[in-house]
Amino acid sequence: MKADKPTFPLNAWYAAAYDVELGRHLLPRTVCNQKIVMYRRLDGQAVALHDACWHRLLPLSQGRLQGDDVVCGYHGLVYNPEGQCVRMPSLQKINASACVRSFPLVEKHRFIWLWMGDPALADPALVPDMHWNDDPAWAGDGKLITVQCDYRLVIDNLMDLTHETYVHGSSIGNEAVVEAPFVVTHDAQFVTVTRWMDNIEAPPFWAAQILHARGYNGPVDRWQIIRFEAPATVTIDVGVAEAGSGAIPTKGQAGDRSQGVNGFVLNTITPETDGSCHYFWAFARNYCLGEQALTHQLREGVARIFREDEVVLEAQQQALRDHPDKQFHNLNIDAGAVRSRHLIDQMISKEAQTPAVIPIREVA
Amino acid sequence: MKADKPTFPLNAWYAAAYDVELGRHLLPRTVCNQKIVMYRRLDGQAVALHDACWHRLLPLSQGRLQGDDVVCGYHGLVYNPEGQCVRMPSLQKINASACVRSFPLVEKHRFIWLWMGDPALADPALVPDMHWNDDPAWAGDGKLITVQCDYRLVIDNLMDLTHETYVHGSSIGNEAVVEAPFVVTHDAQFVTVTRWMDNIEAPPFWAAQILHARGYNGPVDRWQIIRFEAPATVTIDVGVAEAGSGAIPTKGQAGDRSQGVNGFVLNTITPETDGSCHYFWAFARNYCLGEQALTHQLREGVARIFREDEVVLEAQQQALRDHPDKQFHNLNIDAGAVRSRHLIDQMISKEAQTPAVIPIREVA
Amino acid sequence: MKADKPTFPLNAWYAAAYDVELGRHLLPRTVCNQKIVMYRRLDGQAVALHDACWHRLLPLSQGRLQGDDVVCGYHGLVYNPEGQCVRMPSLQKINASACVRSFPLVEKHRFIWLWMGDPALADPALVPDMHWNDDPAWAGDGKLITVQCDYRLVIDNLMDLTHETYVHGSSIGNEAVVEAPFVVTHDAQFVTVTRWMDNIEAPPFWAAQILHARGYNGPVDRWQIIRFEAPATVTIDVGVAEAGSGAIPTKGQAGDRSQGVNGFVLNTITPETDGSCHYFWAFARNYCLGEQALTHQLREGVARIFREDEVVLEAQQQALRDHPDKQFHNLNIDAGAVRSRHLIDQMISKEAQTPAVIPIREVA
């Protein structure tokens, strides 16, 4: 599915793979409507090239690795990691224009990040903050799911957690989430939605966590601090502490979370096409760090919750196709999502004013 | 599939479900290109709403019932049977414009009928006549099949039964059907095709019926009196009687069918999309009323016959797609179908002149 | 898939079936975007008609044979082998314009050839030369595969056999193919690519053949003489001989192949739609003629090789769809393919200048 107008900015770092997905093999993946092939060089460095041979368009991912280079599986053209063709069949002299686009790449926080727009703007300092994903003070793991929906529907989903009550009633949702007030703040890059639930019964998931980690099974103070980083990353600071133990911040002063359990739901959503996305997520915790079984259990537990979202998100995308004349209506619970989409729209608009410098296809 | 110009009128009652399909659960169905969700209130009354939440378009059929209301499965908006939103998450005051379209509904003759056009015109007296379907003088049962073809191809099929000879040769067709003359009459709402076959060998289906009901196995007088009721209902008075026993009417005088067996093939075909339809049918008989096994046998026997039609109808629809430049040619056997389509076209034209009053989407 | 501009000429003979596929049954097949039904008359003569009834478009292939005629499976219209309707239901007088298009047909060299364009131009002398396929001096067999790609991608594939090294490395490819020089010649109808590989190690396939047929397992002289016959036939004269035994022609003098084994790869590729094709192939040899097991083994061995091509060809077609803005680049290995496409383009252009005489649909 290709939209009439851009649905995402190109000048941004997008997660294209988990680090462990790459190796000495050719991994094809569509990112931002582009066919990409990824692999690791002999020294382990990751490479991302346009997945279409310059000669006859066969996906390079159907070829094979030869040292640091890729050999096309049809006529044997060889490309180096920069995308330059370095061997042609039956030819001594190589056409200098023969190349495929190579994408700026950074490996950080366990993800392979690609810059899909103007390479001159590809500043590694702009990679989204997902440091919990490889910080020794945190333990966890995650997954990739490819969802048949516009990536912005996932952003909407994450920026309003009242849906937990209706979609995830058996694990993390209960009425307290809907009833609790929340505060939305933002700047040019981030949108934050903060919700504190004071002295409530913990939902099943958190009741189990605080019992396991701290032997506590009474009422809790619960928090959800959702942070959107434009254009497609959402980190959520979540947890519960013994009710009244001081976790709730007051007048600019940080709370004391020592009587609680804390996790970060890390999400970065990469457009695959205009109507589908690669949803990378992880759950990191700061308790019981050495328990591998708990890591396993949490990963599968969160995966179950995300599958509930997947059903809703794909139904919503289908509904958008079924009702091309319909628009979303917004409620005040959507304030975080509306603000996040506004930041995305600004990035897209900014690019629309300077499209000439972006080599959408190849640098040849 | 959505056509360029209307293929059906909206100001009409269409069967959306068999009565027994509805209950205390949410039934999604597409009717006339519209997503609909249906259910029964606590008092049993049937409800039909647009199957897309006002807020974010998630199908309401993915939510749940709460008393007489529907709760959206994403953010918990609650709609009453009139489609008005009566609860929003985290909000005391409800946006009065928050509603989904509710469809006029009549339950009659074992079907749930919806009015898809201007509610002001939804006169229950206009529900098509299918009274045989719950008349104690008749016994029978039916089914719903969803066929991948324009509903008008089914009308064509039913209005010319010479196809029985070629499509249903092993059950109800034989050469006599093709050879017998027929008469077509019509008014502004009905088209009738009458065919009498005088002193013929009964086809296998009818031979079995008259033998079972009356112990007779000789030649018969056979009749097929097809009645189209615009835009999408066809009832067919069918049967055989002992040859020469007086069943054939003469000079405006009704015949004596006492030495025969009589059935009604009841058909009402509801557009699902422009290229598919819900085909509701039943077979009612006026003999051996108490024999449940016969009802079962007839229902399955007729279902087998209709599956033969389904193959032809879907192949014909595919042929229409394959040959966008081709038109149907008409023979004199098509007189009933041509006249029926003419009535449909008149209804569509009439609506095209007054489109403003029809709330295709929602009343908000 | 229907292209915006013609991808193939219509005034040409295209193989529509292997001879053995036709019999006393109705065989539907799409050829050049046209629905066709084929069968044999009582005298064995093959017939090809447009597969859509004049009356209501039902595919005639869903009907049945009645002597030399076809009976439509919906309303019983009967067509003779010329496509003229000779019986209509309930009608004494037949509408003279009631007919379906009949296609000029020649059965030759084990294929059923259809002429899809102007019947007045259908000269049987123009049927492509595939005589090896039923010449008693040659033995072999073949298959039909329907490939989801433009037929011209198959032509490209066959006109440049350097791909053997990369696609068929385990059977017929090795480095020698890429390294050997080749010569391209052409006239208005044929393009020939000749490649001789002097004193090389035979690739696995040919090593097995010359060992089996001649007990020889040393170095060989290998040849590939590819001949394209516009618009869609490619015959390849292939083989190996004992190195230095005189097989290589010199100064216009034919070589002596008596110390070698010779095969012909026969290919004719018929557009099914603009994005798919019927690929008919056979492999004929002039050694060990009576060995039925060898025929079987070669047919299955070549089928395995062609399946490797099928994967590449369908991936290439998908890549063309994924990159509508991309064009092929040509290398000197593509000289034969480029020249062949040029002949195809000339045929298409010529037709575009005289389109009026071509009855694309029917002669009525």
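Letters A, B and C mark the chains in the order given here, with residues in each chain numbered from 1 onward.
The rule is simple: contacts are C-beta pairs under 8 Å (C-beta built on N, C-alpha and C of every residue); 3 or more make two chains touch, one makes a residue touch a chain.
This structure is a prediction, so every number in the text was calculated from the model and none was measured.
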Same-site or different-site touching of chain A by its copy chain B, using the half cut: different
Degree value of the rotation bringing chain A onto chain C, based on Cα positions, nearest 5: 120
Approximate Å spacing (C-alpha centroids) for the pair chain A, chain B: 49
Shared-contact residues (touching 2 or more other chains) in chain A: none
Chain B residues touching chain C - in the complex, by the definition given at the top: 156, 160, 162-163, 165-167, 178-179, 181, 311-312, 315-316, 319-320, 322-323, 325-326, 328-333
Chain A-facing residues of chain B, complex: 35, 52, 54-59, 62-63, 71-76, 88-91, 95, 98, 361
